[in-house]
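Several structures are given next for inspection.
Across the two complexes that follow, chain A remains constant while its partner is chain B and subsequently chain C.
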Partner chain A sequence: MASTQDIQSAIRARAGKLLQKEVISCFIGWEAGRFEGQSSPLVVRSAADAQKLIYNDYCVQLLAKYLLTENCSEGKVGVAVRGCESRGINLALKDGQLQRENLHLVGIACQGVKDFSTKEELKKCQECTHRNPIIYDDLIGSEVTDGPRVEDTFAEVIELEALSHDERYEYWSAVFTRCIRCKACRDVCPGCTCNECFTDQAAMGWQGKQSSLAENANYGITRMFHSGERCIECGECERVCPARLPLMQINRKVLKDAYDIFGEYVVGIDDCTPNPLDTYLLEDVEEFM
Partner chain B sequence: MSRIGVFICHCGTNIAGTVNVSEVAEAAKSLPHVVHVEENKYACSDPGQNAIKQAIEEHNLDRIVIGSCSPRMHEETFRKMLSETSVNPYMLEIANIREQCSWVHKEKEVGTEKSIDLVRMSAAKVDRNVPLYSGEIPITKRALVIGGGIAGIQAALDIADAGFPVTLVEKEPSIGGKMVMLDKTFPTMDCSACICAPKMNEAGAHPNIEIMNLSEVEDATGYIGNFSVTIRQKAKYIDYDKCNGCGLCEQKCPSKVVSEFERGLAQRRAVYKPFPQAVPSKPIIDAANCRKINEDRCGVCHKLCGADAINYEDKDELITQEYGAVIIATGYELIDWTKLYGEYGAGAYPDVIDGLTFERLINASGPTEGKIVRPSDGKEPKSCVMIKCVGSRDPHKGKAYCSRACCMYGAKHAHQFLEKIEDGECYVFYMDVRAAGKGYDEFYMNTLEDGAVYVRGRISHIYPEGSQYVCVGEDTLSKKLVTVSADMVVLDTAMVAQESADTIGRLFGVTRNLDGWLTEAHPKLRPVETNTAGVYLAGAAQGPKDIPDSVAQASAAAAKVIGMFCKDSLESNPMICTVNEINCRGCGDCVDVCPYGAISTQSVDRRENSVWVTRTLAFINAGLCQGCGACTASCKASALDLLGFTNEQILQEVDALCL
Partner chain C sequence: MSVDSTVQDPKQDTATAEDAKWKPKILAFTCNWCTYAGADLAGLNRMKYPADVRLLRVPCSGRVNPQFVLHAFLKGCDGVLVCGCHPGDCHYATGNYFTRRRMLLYRRFLEYFGIEPERFMVKWISGSEAGKFRDTVIEASEAVNKLGPNYKYREEGR
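Moving on, here comes the complex of A and B:
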């Protein structure tokens, strides 16, 4: 198993080489933040700058989202990919948001990232089912053992499902009362690729401007319908939420329903399997008919 | 600023009986942008329509709301009315205060309150309506008829006689369907084959009809006036261009198998025509039972064929053809009672047969030349029990519905049995006798006079005793247990939908009800149309029917097709989907959900923020789009909008109700 130090050297070397040979026009990785244990995504455009790239236990940001921004749309883009990034990229490929031939993926077998303050592995990484990148052009080091099986990640959802209707209503009311609608969860989500989000289409009036439980819940529920069944379980929404809302519980509820009704389906496992809610098959369950 | 007119219809007492119309009208006056409100006794009547037209002129209205019956009923009427005014026909909203309101509520207070809500929603919606204009779609003037039973044949003949080409697709080797298997037809007792065969021949010889036997519809795309249908022509192993139908191959074929046409009462060869009057009057080879094809032995038919028409190498062929209209006439099948009725022996007793098998037994051209014999020992049965409603009107075991034809063919069978067998005894066990039809009840009365014993009740079980069958049941009129020993039992089994109707319905977007029958657009007013424009139903595909009803419906469907073909082009529905290219991100979710294949994605180069970028965008084929709205619901970016039902309009409606 390669140490993070080894991985960092390898990323710098590969990114530098790819940029020098002009295989790619830019490379997306992480740079060190202002304080120890901080990092932020970095777009490198020259071989010399590749030395700014870092890799350690605290590189928490999901890079797949940064591929979707306009500033790296020219030429081929290099990017460091772990399991979560690769699933996000597959989702974007399927949605027609990226072209595979425009990507050079440097794979990293991930051992999970940590919270700097507690030095403990992040919750999203503890629940990670795909630590190894699913797609890559070249891999640094060797693959690692995968995390829990998919069903195990539904434990929290199963607990919630066992509650009565009133108890659930109370639970979610308490959750959404705390939402401040900063929309960070949307901004960080690799599945959110609309040119203009429904919540910003003010003239249409999908979303009111009031600060109320109803509007908060409207935002949360609509977001669930838009991205729940396409969630790659990177857990970024939950990580960035300043109100610390259990957003992955909502996503996983949709995933679990899709899983129970339409059978095993892992979002982002490839770039061609259609979303279960967007397709109609003869053998689909029709309980309501 | 829009100027909305609101018209509330009394519909006699249909609405006014449960809704305080004046109160609704009063409430409508205070709605935003409403400048005129009027009550109307019958808005759809001529005076009603004139009053609306007059109000439009007088008050300079630019859009209207009509509170009346369901838009399915009169939206078209009022659109047509608007087309005679200065207002665009699509600046109209119907508030359904009849079917969804007055008819379902008993208390006037509740009905009135709901009507006000519905009118308020419609007024909010109409405020955002925009004028829409129809385009023109060309018509391919060729019809496809699926199913070559009497309904399909009649429909094909009617269309062909009007001068339009028709393709008649039949999955069996011959057209004729079930009717040609029957002996005589109630109530006139015409020989079924004698009246069916001339129609078959006429269809076979008609210059405008192309019969494709042994064929099935495999795929269908397109829309009214322009369907593209792929038909699988299964291998016949006989070159129909060379074959002269001499029948020598059939005589000499050594491979004998059970005849489906004779319901297992006789055998046929591997190269065969199912019956002498078959159309096309040429044989096919049943590959599953041909020795040459399976074992590379025999080859007798090839050696003997003077026309050199045998081709063992024949393959299935896929033929794609354009059609303007489609008639589905897939007919019925009899329910497989052997799987459901263990108490009747589940098919183990050879002399317990279904009605269609009995038809072959009494048929002069059948395997016994019309002599009624027991399939088990070939002896003449002296007594017969007929059981009606086997699988029909029996929701626990079979189907809940009535199969409609059984009461009459049961009476016919009893009549024929008593006529042919001297000293014969015939017992008919029935639930009710349903003889609604011209001359039907008279026929049933005659059967009673013939001596048929009608017993009201079901048979609970049948068991063999010696060479006879003991039928045990209850006479529910005398409330006594009845036991009848009979030489033969005929079960009048339920009609069920053809399995293939399922696939065909799905291909053409025609829904099926729970029992699998194809659904018409409206049970009373549009009985032959389906919800897919340009696709019509004929015969028992839509539900159990007898021959007169099937033929009548077939001609009705043909009339619809001919009416359409007489036009040069069709008006397209302007209520279709549109793409907001700024918001579309090209994910293609809409392509997957569109049931009509109307959406594709296309690459478009365009300037954004002074830079040329290539975008993938959804593209709607206006001819294919049926305006169902599935795509608009699937579009996360809300880049798709259904004209006439835009997101904005729906939100306005919801807000009007909820806020």
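Moving on, here comes the complex of A and C:
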């Protein structure tokens, strides 16, 4: 198992070499933030700048989204990929948002990232099922053992399902009331790739601008149904939420039902299996006769 | 400043008064090619059903964006019906197969947020099933009557 220090030097060396040989036009990784234990995504465009790249236990951001939002269309793009990034990239490839031949993926077997203040592994990493990148062009170090460290990730959903409708309404209204509609959860989601999101179409009537429970619920419920059964469970939305909303408890509801109805699947395991709502079977479950 | 607790909130008063007069408001999305024709046939045959349902004609049940359903509830509907052709009969060949998958998930999803599943029905009703259309409306109206007005997530609040 490679130490994060080894991974960091390997990323710098590989990114530098690829940029120097002009195999790629830019490389997406992480850079050190202003304070200790902080990091932010970085796009480097020259071999010299590759020395700015870092890798440590606090590189929490998911890079897959930056492939979609950064303007690096001038050629092949290099990117560091862990399990979650590779699933996000597979999803984007499947959705036609990226082209495989325009990517150079430098794989990292992930040992989980930590919260700097508590030094504890993030919730999303404890629940992670795919630590090793699923697709990559070259891998740094060797693969690690996969599998979640949490027994049952659906437990928080099942707990809520046991309540009555009114109790659940109470619970979710308290949750949605706290939402400030900063839309950070949408901005980080690798499944949210529309150029113009419904929440920005106030004039169309999809989303009003009032600060109210109704508008917050409209946002929260619809955002998740749009990511829906395509959620890769990267946990980024929950991590970035400034109001600390239990967003995974919403995401996992859709996934749990989708598994129950359409059979289990892993989002982003490959770039060709259609998403459950993008396809159908004649013999699907019938409830509406 | 103190608040006199014996003075009733005037808003509360109107809400109770409104509740007494309340009649369910059910929005039905009906597919142009079958359910809308079925409803038409029910009318032609002078079938009787509660006038609680408002039909909204859509080209296909696949046109029903799940957000339409949520919006209906937010804007004050007490129930929503989504009706389309039977699987295999879609005018556009496959539209209702997608509706089926989508609505299977969405009904469970809204239920998770506390909206009673009886308020949100999905039914396949063909152009000749006028009786089934009437029965569905009666069933929906009875269910919603039993539950009372929906205030959950509603825009004006109670």
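Quick note on the criterion: the second predicted complex is superposed on the first by the 285 of 289 C-alpha atoms of A that agree within 3 Å, B and C clash if a C-alpha of one lies under 4 Å from a C-alpha of the other, contacts with A are read in each partner's own complex, and residues count from 1 in each chain.
In the analysis below, a contact is a pair of C-beta atoms (placed from the backbone, for glycine too) under 8 Å apart; a residue touches a chain by one contact, two chains touch by 3 or more.
What you see is a predicted model, and the numbers here were worked out from it, not measured in a lab.
J.: Clash or fit: how do chain B and chain C relate after the overlay on chain A?
T.: clash
J.: Does chain A have more residues touched by chain B or by chain C?
T.: C
J.: Return first, second, both or neither, reflecting whether A:Phe262 touches chain B, chain C, both chains, or no partner chain.
T.: After superposing on A, A:Phe262 lies in contact with chain C but is clear of chain B.
J.: Of the partners chain B and chain C, which touch A:Gln201 in the superposed model: first, second, both, neither?
T.: The answer is first: A:Gln201 touches chain B but not chain C.
J.: Could you tell me if A:Gly96 is touching chain B, chain C, both of them or neither one (first, second, both, neither)?
T.: So A:Gly96 only meets chain B here.
J.: What is the contact status of A:Thr193 with respect to chain B (first) and chain C (second): first, second, both, or neither?
T.: Touch partner of A:Thr193: chain B, not chain C.
J.: I'd like to know which partner A:Tyr280 touches here: chain B for first, chain C for second, both or neither.
T.: Both partners, chain B and chain C.
J.: Would you find which stretch of chain C runs into chain B in the superposed arrangement, from 42-50, 114-122, 132-140 or 150-158?
T.: Only 42-50 shows clashing C-alpha atoms.
J.: From the superposed pair, tell me which chain A residues show up as contacts to chain B and also as contacts to chain C.
T.: 198, 206, 280
J.: If we count contacts the way the header does, which residues on chain B are in touch with chain A in the complex?
T.: Those in contact with chain A are residues 582-589, 592-593, 595, 601, 613, 616, 634, 636-638, 647-648, 651, 655.
J.: Residues of chain A touching chain C in their complex?
T.: 160-161, 165-173, 198, 206, 212-214, 217-218, 221-222, 225, 228-229, 250, 253-254, 257-258, 261-262, 276-277, 280-282, 284-289
J.: Per the contact definition, I'd like the list of chain C residues that touch chain A in the complex.
T.: The contact residues of chain C facing chain A are 66-67, 70-71, 74, 86-88, 94, 97-98, 100-106, 108-116, 122-124, 152-155, 157.
J.: Quick check on the complex: what are the chain A residues that touch chain B?
T.: For this pair, the touching residues of chain A are 73, 95-97, 193-196, 198, 201, 204-206, 226, 274-275, 278-280.
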